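One structure coming up, written as structure tokens, with questions to follow.
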Amino acid sequence: MGELTRFGISLDKELLQGFDRWSKAKGYDNRSEAIRDLIRSALVREQWRQGEEVVGVIVMVYDHHQRQLTSRLTELQHDYFHRVVASQHVHLDHDNCLEVAVVRGKASEIEELADRLKTFRGVKHCSLSAATTGKGIV
Amino acid sequence: MGELTRFGISLDKELLQGFDRWSKAKGYDNRSEAIRDLIRSALVREQWRQGEEVVGVIVMVYDHHQRQLTSRLTELQHDYFHRVVASQHVHLDHDNCLEVAVVRGKASEIEELADRLKTFRGVKHCSLSAATTGKGIV
Amino acid sequence: MGELTRFGISLDKELLQGFDRWSKAKGYDNRSEAIRDLIRSALVREQWRQGEEVVGVIVMVYDHHQRQLTSRLTELQHDYFHRVVASQHVHLDHDNCLEVAVVRGKASEIEELADRLKTFRGVKHCSLSAATTGKGIV
Amino acid sequence: MGELTRFGISLDKELLQGFDRWSKAKGYDNRSEAIRDLIRSALVREQWRQGEEVVGVIVMVYDHHQRQLTSRLTELQHDYFHRVVASQHVHLDHDNCLEVAVVRGKASEIEELADRLKTFRGVKHCSLSAATTGKGIV
């Protein structure tokens, strides 16, 4: 956390009341913190729209009994190895695995990787969660 | 627009710079207006999550040659007539119509209506856009 | 509706049962109709990702007492007049108006127009609903 | 993968062509696999809407220099410990951490946990990715 800047904004009284109710219900300590969060979310959405370097999290659920799936998934992740930062494997039950891969790169490359993983036979679910490198988002 | 309230918020300098770049790129005149918009969006999302009285817009694209579709759509809208405020019809080309229905009611009722319209044979596209009555959103 | 093609697909029994429950709950008459809808939704999402010619619906809620807003909105829509196919105005209450504009053009142009409308002072809500020209979506 | 069932569906020829182009571009081997994926996505969305037992992945980016944040995050995760299945920590750079928590429970509980984590000072980004236990999704 760097240097803080303070500035004033004006809101219609009724909108401010609605905002105060909302931020209290969500559990924010104060208005600044709630507004910071709204701003950060807007900036992260913009990073993805602009195709900047982003961090994403790919979540897959798959049946590990599916012949050769595990090795094909590993291979593909290695093709994109400079993008896959880390991955984690969770055993959901006897059949189902969940795998979380933290990926970093251009938005379009990450979307392409998630698209390809989704098409593998035995992959029941594959989604991409848009996150951020944290740079410029303080 | 009612009475304005002014208050101060504090932001990390780097976050503020990112925010200023973003709001300038979007075309906002000043910080207050940009922050008001972020707050309003958060409040509208919350109205839908809480199931309050909301306004929604149902957009359908369909082939009006499909036998009896038009009359079935009209009938269904009349079953929900106290929810459908207005509707508009646009001829996209020889075959395709777009219909926009402005609906008002509880979030769950509106979602149900959109779900039912979607299943009609000949309806190629049906989506629900979450808006607001504007009350409390100033 | 043109010529129908029939083909076979194979599903795991358990997935088929889940699908049948889902499509019945949604109100689909038969499996083909439900699958057609899933396919159409995927194609419409892809049209927007690819930046093809699309149809969109811009929904705005605003306070018409806001000085000069109505004329600024009309002006902007005229700047983009070859994109705005039709628009509809609904009086929500004494203060609030809802306006629905059906727009047609490249995905990026439509997104830009929605972005600009959102920044106008007095506009409380502005969202863009992605629809389709219906072409290629049967 | 259990017993396969085969059945026929009928599509308009033009829609089928669009679908074949789409599934080829995405990398699907055959129509069945592409349709299975569309069905699975619809079922997972429905599991979340119905509030069933689901699996979710919470992604947070935060500044670990923020005083006491790490311990507060750990505490909160322990309050919900029967929901947090596993978590993974990635060092993005000198300041920024990314944490991925795999959570399991009712949709509403998981959303509440994600909401609370988001409000912590120093948490720059917090999103919830909807996944599935894999049960009934084959």
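When the chains are written out, they are named A, B, C and D in that same order, and each has its own residue count from 1.
Quick note on the criterion: contacts are C-beta pairs under 8 Å (C-beta built on N, C-alpha and C of every residue); 3 or more make two chains touch, one makes a residue touch a chain.
Just so it is clear, the structure is predicted and the values come from calculations on it, not from any experiment.
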- Would you mind pulling out the distance in Å between where the CA atoms of chain C average out and where those of chain D do? 25
- Query: CA centre of chain A versus CA centre of chain D: separation in Å?
  - Reply: 10
- Item | chain C: positions in contact with at least two other chains | 1, 40, 137-138
- Considering only which chains touch which, label the overall pattern as line, ring, star, complete or other. ring
- Note on the structure: A full list of chain pairs that touch reads A-B, A-D, B-C, C-D
- Query: For chain A, which residues are in contact with chain D within the complex?
  - Reply: 1, 26-29, 33-34, 37, 40-41, 44, 55, 57, 59, 61-63, 65-66, 85-86, 88, 90, 92-93, 95-96, 98, 100, 102, 104, 115-116, 118-119, 121-122, 124-125, 127, 129-135, 137-138
- For the chain D and chain C complex, residues of the former touching the latter: 1-16, 18-19, 22, 31-32, 35-36, 38-43, 46, 136-138
